């Protein structure tokens, strides 16, 4: 499986009774599959997977698999707090057609999450998963840090093929790349830092912005891999403000609002998340309009 | 429902195939119900609820309800990341006989967890729950802080009767007490701070140590409420080292090891948690032996 | 030297050309020495010592010594980042008449501040200081934590007589008390937690609030030591809101504004600190007026 | 003044009686001035300025000025907690011949350090300083963050010419660049991230590693500015491990040990800092030997 490229983490639409809306999910994906993207992550952090139960998760996976063509990547988020649950979720995702699973670190019992605990957890998941495993470190959300020393031990497992690192610390990504084999793929987690992360060895990214603005994200990726660095640098700088708006600043509410503006009907976040305040919409529209035409 | 007193948060035993072991749960509870305790919390943080699915949770609730007499309190942890899931879990707990539910704050989308979000979340849960609701703030685990300003708004809801505050900041507990009505009950979350927390207005505690050492914990509570402060202070100081061992220092692995030493057969933690290293056992045994006879 | 009691940390007045104003310092101290206080801390955190140079520090010490009678305690803050500078400042303070020095941990090179570093630093200061040394931990400001394990090693030094712990974690104070000899004195750092801290073994406090409201602070201390716990608890609860206003919420600007309202002419904070916004003054006045008459 | 390039932050040697050793400082600088470097920073964080008094600071500035030729940049660190002291230090540095001053944010009163406070502080310093001012944000040390919003307001001041950002968050640097005028220079603070920081707009760096390995650092800078990105990326990856050793991992003790190995006689850190443990020296030697010949 080739992970080098740009993946869009797909949000999960809910209907007006707060149920997973597979119809809207498929309709939105039908648009996305025509855009320049390497593949998709379903049930990632931006997919509000933390707010969904196992049945709902299966619904979303099945609906996505029906819509995503087999020449595009289809990764499913299956991180859980217990090793057993992460294994079960990974098996279900594989059964429903996932190409790989993206397994966020457990983090509830923070003070117990040592390197040894992470190595045991991921080894068990990778041993059991029918499809390849991607590690996933997202310290801002989990409060724990999957350190390069632990990743180095896991990267030699034959069923662990790579990692998503969502932190902004480019030195930690540099460390990850330098301490893992060449066929271990590190993916960045934020469009605001895609280019610098690729410069230190990341092979691409799983980027919230890629759902909203696939073409500029893919263009940035391609400029970088083809060595057109000056253009890449210029485009990276252009993308920073809008990437920040949809990422760190407004989170899922910002991403869903942006997608709705762009014609992907993905509804509102699930409670307790509140929708983006109306007062932010004009700034969001303006930021997006520099890259894509906003439907009236 | 009278919350003033000492509640033991019950760990969940797993069998050697990592399944919930309701037989051992009932056997351990049959011992606990004879001890001087006000009641029990099932599926709290120490119950490893974060590592269990909904079916397993129901198993534990049903088994506990069968064993706990109706003159002792029976509180069930039902915190979930989504409002909908917290409501469903609270309804199931009530259906299975819980006297009240203890609802930990959501915390996954940290930067979105404003006072307004918490108020909306808890109001929806309290509106829907058939049994009274206790708020639950555990910043060290969730990474978010349910501030006195939000609690003050929630404390007037007729179905929200109190709160567990697990933080060590006695000033925050003092603020909580001063900003909520007299019939809103604040419970402390750590035996190492029970006496000072009660001094600033807490009505008791939900204490990991109370499962291991019920009598000294209840004695400390009774000394405090009956105004025998000098004795309370002396006992509090004696309890600090063992309370720290089972709480902040070794977490669930420490608690389960202590209970096994004391004759409550609760097994090992669920992976990814590792059992307490053997090297720690002698110190643990010695600390406990100052208060309870350790079975041979 | 008897440290059991209530010490007021004295702010440093600056004149309208931003110079240390020893005249106003002496005038304010002349009022304070008539109030029920055990003693004073000059050049503490609330004294804006971090914003003053060595010459200005000497000016403040000399002025204070001239005004404070010898039957009240006179402690001088002499924490510095280098061991050598902390020694020099402690010697100067002793020469100018300090009864003891209060030495805040260094904290600039955070990742290097191990237990061993702290033990070496404080041992060198205590070996050289002509007057007794108090350790001082203020994690919220320094970003480092002087842990009970390090304090336990230092508490046996004949010239280290105690410690100020400014954190709100009552369990850490309980640990400190349980791991140090009986003649090692722990002082609390916040009026909002004085009573609970004394319950776990603190002998008193160095309290910003004690400068503004000496009588209620001393009354709380006396109620506690004489075992009148119910009254102490009631008074503690009354003091929490005003203690928070002058402490964590508004810091030095809040303290100086409160003192000016109460007739101690201490001026405005030194830049870069800004004065308390005018909009906060009415709430501050109201909070203080419950305990002391506010001059017109 | 042209800031684009590579600056070495110079450590301060102390003699065996813990006094500033200007002889050794000049001898070491005499070697450095022959190396490929744009200039020097004296009295930066790595210069242990936080451990030195004003007289010692003047000694170091004068000695450096005598040794550094006028065609190389000579920047002096003059950050202080008070505005007044930062102004005085900046004036002294200018008087002794500094080309520019590097002013670290105050950070003692963390909760008071708002954007407005920073703007007022730096505006006052820049108004008064006879030489141009560089802002300096080092959150890991100060615990406060000088945000792009505040920098954007300051960047238009005619005497504020740039900034050193020592954080690893490449997105924050991207924000800084996008929100400041083109003639405002952002310098990176860590060799481990020089290339990616330059890719998002940094003009160079003030790098601890540049004192130890000037040639590879300057080569990386030149590869980047001349658009030889593939070579730059390869060199950046090579430099990451040694950059981490001298920076985040071992701090000043690591830097001084490395420089001593390389023939710059800079002695040991000032207490309370401890020298690098002997056990680390072989790994340090090996890491350095990949780039420079280590004298026997």
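A, B, C and D are the chain letters, set down in written order, and residue numbers restart from 1 in every chain.
Just so we're on the same page, a residue touches a chain if its C-beta (ideal position, glycine included) is under 8 Å from a C-beta of that chain, and two chains touch if they have at least 3 such contacts.
Note that the structure is a prediction, hence the values are computed from the model and not measured.
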{"item": "Chain whose Cα centroid lies at the greatest distance from that of chain A", "value": "C"}
{"item": "Intercentroid distance (Cα basis), chain B paired with chain A, Å", "value": "35"}
{"item": "Two or more partner chains touched - positions in chain B", "value": "248"}
{"item": "Pairwise chain contacts under the document criterion", "value": "A-B, A-D, B-C, C-D"}
{"item": "Contact footprint of chain B on chain A as seen in their complex", "value": "18, 45, 50-54, 81-85, 106, 108-113, 116-118, 120-121, 124, 140-141, 143, 248, 251-253, 270-274"}
{"item": "Contact footprint of chain D on chain A as seen in their complex", "value": "168-172, 174-175, 177-178, 190, 192-193, 195-197, 199-201, 227, 229-230, 232-233, 236-237, 240-241, 243-244, 248"}
